[in-house]
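Here's the structure, in structure tokens; my notes come after.
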């Protein structure tokens, strides 16, 4: 079973690479945000899987929980940026 | 029990893969959000279910609580995930990013 | 040699430092100068009170602070130091009086500062005179350099600024660049810096290094104005005349010479100098300076510059006297410190008095001035006699001993130098006298009436002139001190 | 071949930290943008934290929280069974420090921007020179 | 110790780091730095440093990205390198 | 410059990699790190402090002094940010914007104009104001209490599971940050004002340092929690455990407050008016 | 209570910092008094500690009651005893001396300022007193963070300078941390003396060598030794004057202390001074630092910037002196830490006083200062003489030891550099004296009168002058009591193996 | 119109006038969560939990519930629970749809993104949120913007996904909150 989880983890992390591709090469910032958000959810899953691999999932679940709660603060903050400064590429001059 | 766990894991994996492949393949930012925002959420649900089931296999109060906590993660993700997705979409609209449509492509 | 511990030397150093806050805090000019006088008298009386003890061949010691292992800031009064201290502290009194007249008459600014730094310089001078080791010597030497800087640049104009720069460059540069490493090297090799009668580095420092060390010291004490390092002195003449008088005829330059003598005898020792033949080197350096300076002096039109170059030459007499390494030469050198001091200060005072009275600085403009300022110019005449070495000027005695010394050391060439230099001295002083008294100016530049400098100026210069003559007849205290020194140094031979 | 693999497995983590550290260092040396530099600084600090955590790693050991009641009752604790906790402790502090530094650095960057209206060092330099 | 996972994530982390310093947009860099922080946290979890991982998770996800974004918000996104 | 930097970094890196040659292998259980000091912690923590989480025990007790300074670092970062950015003197702008909350109409009141009554129907906004986003706001409202309780749980359970003061504090702080993001900075400031925050972060460090000082007053060394046994009415080992809890709470409060103040400062560039 | 002195030194200011911050909300004037009381206690405790050290040799304090290597221990011996007293005294004196100018410069921010101030002192003193390598890092960060903030509030380009300082400082501190990590890998311990006891068995190890190099690199950056000095001049020039007269005397000097501590107590002399080639190259580095620092100082046009470059040269003195690896050299280095701290304080306080009265510190603004502020400039002269190295000020004596060390080690390059730097310092400071002395009074000689003196007199307030005078007097006192210092304290601070 | 819904938009929500009911409710919910999280039932931890819950309830009870929303809470919750399985079912179905799209080789031909606008009948914040999140969760559609009046903008990835809106889901959500 451990091996299964391990392979699952490895596969998951490889999949994470795909999201990372979007985060790294995403043409716009928003694409990067999508990629990072996806990485976040996979990270949560991976944390639990690592807990399973250590047989101490009760310890890791707190981290994952914290992650699930906090992950979206960053996304939220970045999206609020666009609500306040309504432009994708250029910079409006500071008043 | 293990079989169920494995099934869930594999399902989770499929959803995750779908999500990741989706955000690579889809043509524009808005459509990418569809797989990213929720195939991932579902994948997480599956994975967590598997983990929770696996955890409560050797039954005790503690493992039960751990399993419940794992499910709590899912609950939170179900609340925050769509919100995050929505926030990103909102940002995209406000940033003035035009959604990709078939019509444009046809033009 | 007996030694007693007493705080008196420290007091002698300290008294003028203590006067500084008093001088600063008093607003009334009379009180301020009163304090200066008070300090000067106190200093002189403290020093004088030690004289009998020294004359008995006893030394006085006082340790101020132990600053390095085996090296302390320590004062020691011996005959040599005593001689120098006596001269300078006595002349301070006189100069104070003269300063009052000079400064007030010319309405100089910042007189408070002037008197402060004067007092500080004197402290440093006495400190140098009484230093018991090289470190203390260095300490007070530097202190003197910095304390005289504001005096030299008193006028705070561009000329003062540039000469101040020159002054510092030569004095501080050489002391940090040359003396300090030499001193550190000696300390490193020997572990001590205490002056002794016979020197303490013989046998410890390899002979090759002796050469370097001696040269480092001789040039490093740039206040002695040995020839390549002399040019600060004429530059420093921009200072008010009392400063030039006391500091650049007595305190500062004599400190330089004193330091060289002190180091040559107290650190190296005569025997070492002799055996390493450094004496010859120093002799030639000194003689070169003597002749060159005298020649330059001939060409100077500014009175103070001429005096300055004269000073440069005369200082090297003293070094020459010491470097002869003969008892008589040594006595001559020592005596010359005193004799030249009295003579030269008179000359400077006179130059100042002329400036005060007429505003003239250049010799060419002094034609016929003797009729207007007879007292001043008479004193000038006495002073020049002393410097040239003609009786009844005190300088004759020292020169006499110097000549005896050359004979004793069998240095004929030096004899020749001395004599020719005296001729040169005469050549640059006597024409001034001649012009002043016996020529009548073409235009009536000066009205034919007596118009001397104010009494505060006149009296001091008269006193020094009288002293100069007096010393010819009664050189006793200085002579006996010099003798003690000479005996102490050469007793080992 | 096996040896090589062993070496790689036993050392690559340290190499990883070096690579990360160098990325951070490179950013701090070469990049002209102040926020980029701050990011580089954070990466640099993270790399060192990573290094410490790697030190603390122990094979076949579990996380440094003693489980109790799980297997019933207290039993002897063997040091071999637990990952070295000390580096973790140190790195908690280091993370805190890096957050604190990050905060201050960003505050300064904002201040700089308010002053020069730019975050590029070369632009700021030319502004300074003009004045 | 799960070295396979560790190796993969480490590679990603390095890519992420390189990305964060090369992207010509500060907001993007800040966001990528967030991703970097996520993965770092994972890496530490893999190495058994749960407390460190927890801290990095809360800091990276909770505050440090937000700090970056707010700083970028108050300054500019423009960068030349 | 780029290439120079790259080459320098590359050389430096190669040197470092050469330095790793003699490292003990990664995860080697026999390396000096694993055999010298740390075994003591692992084996003795339960006896000494009855705290299963060794990291917490070492953090707050064995090396509690470090942690005190860690808190002080955070504290100084908070003050530093405040000191650097906070604009104490408000620049008087020419106009103020108010929004009538019921209708969404924005009023622009020129200088000298009559300000609206500070009733709750009006709120002050500035030029960057954007309409509220219902979803984000409501989600924020719902999730914040849970984040907070989770944060407190993390602080309280640092003994038994990963976590502790710092992590809990950050999460707690993040919950306020979330509030500020999902609502706006003014309402966050109404909820958690600047002074309150300042009070909290001094309080946090007071708790930590005060515990240590209390130990001195009770006759033990600084931060020797076993001395607390006399006032907590427990045995010294439990006293250590409780002492750890107390200082963790202090750390949590301080960290929370500092994170909040840092965010406030950064996001409003010290003006405390409008943020993300 | 006296057994808790090591804790008091650090903890009292720390707690006071929190109090100050709270008190700042109530009434601004409280801040200063709390800070003063805290630092006074700290000073008192450190003095008490020094006395204890003089009696019992070494004072050890276990925090949390855990003995090292498990807990954190403070260990006060001769080396840090004296540095401690000096830092505490400097912090206290500067606090008193800058009260007025803080009130002027940070009207609204007095509370945070004093809190940061006291925290900075806490950090610095902690660095000095700690016996734990990692604890040192944390304290270092406290000191740095507060330092960044204090500097960042300065004038002109302060924020940028401070940001650069943040970058360099972080690299430095991180390198130090990394070095500690390498040591930890090799030994498994963090306590300095525990490490020292383990290290001899593994001296040949590559890891130890790397730890050594990395630690040193970090410390060099932190102390701004020549090639890594770039952060210092800007940071010090633009920083607010009350802060800089605290930071300048303490930061770099304490880092030199850390270097000495790490190399003597952790790596032990037998490792540090193992290879002559290394020592010599470090001394040459110091020589370059001295020469370059001096030359760069010559080309500066403002007071604080010039002083910063002078400080870079001074750092070269200490580093070079230490790496001479003989008794005289190390004595000189330790002595110079103390002396340089004192004289830096003096000159920067004067710079603060000048800035209090004059709009800027560029040389054009210094004209006529001797007339305007004679007391401050008097103190400046003393400080300058000390930096030049004129007896009996303290600077001379440390230079003395350094040069004798250089001669004893046969390193004449170092000796020459020291002398060169002294000469350059003469030029530097006399240039300022000239400006202050000559500039506006070019023609006063003619029209000068006493009245004008009275009118232009405008020295800093008494509250700023008195501490300055104490510092200036202290420079001379330090010089005079050098031997006491050396024979009673410093000579025991150097391990016996070094001759 | 929706003045009750707008109440929370005001940052100065009337904290002093809040009733005890939401406070208690919050407290108990939080305490339940605490127990779940904690898993320790000794005195110390329970008391810590009580204290923590009190703190959080004090801090945030006005966030979680306002007095207007506490009425009939239990029934709502129960109905909400009944809604979840349906939602999950929908989510699962829709997920499979998107998955199919993702892996379809000619994906570009299948998708046809568009933005759908409609007005919902729902009024309260909570129901709007639930509806919006449900829309977002069911793949193929993402809520782009919701105004407080219930104006929805939804981004749909293809025609079949967007067609059922608002439809059944809105009714179900409305039923939960009895609107």
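Chains here go by letter, A, B, C, D, E, F, G and H, matching the order in which they are written, and residues are numbered from 1 within each.
Heads up, the rule we're going with is that a residue touches a chain if its C-beta (ideal position, glycine included) is under 8 Å from a C-beta of that chain, and two chains touch if they have at least 3 such contacts.
Keep in mind that this is a model prediction, so the values were computed, not measured.
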Distance-to-centre winner among chains (Cα means, whole assembly as reference): G
Chain whose mean Cα position lies farthest from chain B: C
Comparison of B-F and A-D (more C-beta pairs in contact): B-F
Length of the line joining the C-alpha centres of chain C and chain D, rounded to whole Å: 70
Euclidean distance of C-alpha centroids - chain A vs chain E, Å: 10
Chain F-chain G separation of Cα centroids, rounded to whole Å: 32
Residues of chain F whose C-beta touches two or more other chains: 16, 23, 26-27, 31, 33-35, 37-38, 41, 53, 55, 59, 63, 66, 69-70, 73, 76-77, 80-81, 84, 130, 133, 135-136, 139, 142-143, 146, 150, 154, 160-163, 166-167, 171, 174, 177, 181, 262, 266, 269, 276
Overlap residues in chain D, where contacts from two or more other chains coincide: 9, 12-13, 19, 21, 25-26, 30, 54-65, 67, 86-90, 92-93, 96-97, 99-101, 103-104, 106-111
Multi-partner residues of chain H (each touching 2 or more other chains): 33, 37, 39, 132-133, 143, 145
Residues on chain A engaged by chain B in the complex (per definition of touch): 1, 4-5, 8, 11-12, 15-16, 18-19, 21-22, 28, 30-31, 33-35, 37-38, 41-42, 44-45, 48-49, 51-52, 57-58, 61-62, 64-65, 68-69, 71-72, 75-76, 78-83, 86-88
Residue numbers on chain F that touch chain G, as the complex places them: 16, 19, 21-24, 31-38, 40-41, 61-66, 68-70, 72-73, 75-77, 79-84, 86, 88-89, 195, 198-199, 202, 205-206, 209-210, 212-213, 216, 220-226
Complex contacts: residues of chain H adjacent to chain F: 3, 6, 8-14, 26, 30, 33-34, 37-38, 40, 45, 48-49, 52-53, 55-57, 59-61, 63-64, 125-126, 128-129, 132-133, 143, 145-148
Parts of chain D lying in touch with chain A, wherever the complex brings them together: 62-63, 65, 67, 117
Complex interface listing, chain G residues touching chain F: 4, 7, 11, 14-15, 17-19, 21-22, 25, 61-66, 69-72, 108-109, 112-113, 115-116, 119, 122, 126, 132, 134-135, 138-139, 141-142, 145-146, 148-149, 152-153, 159, 182, 184-190, 194, 198, 205-207, 210
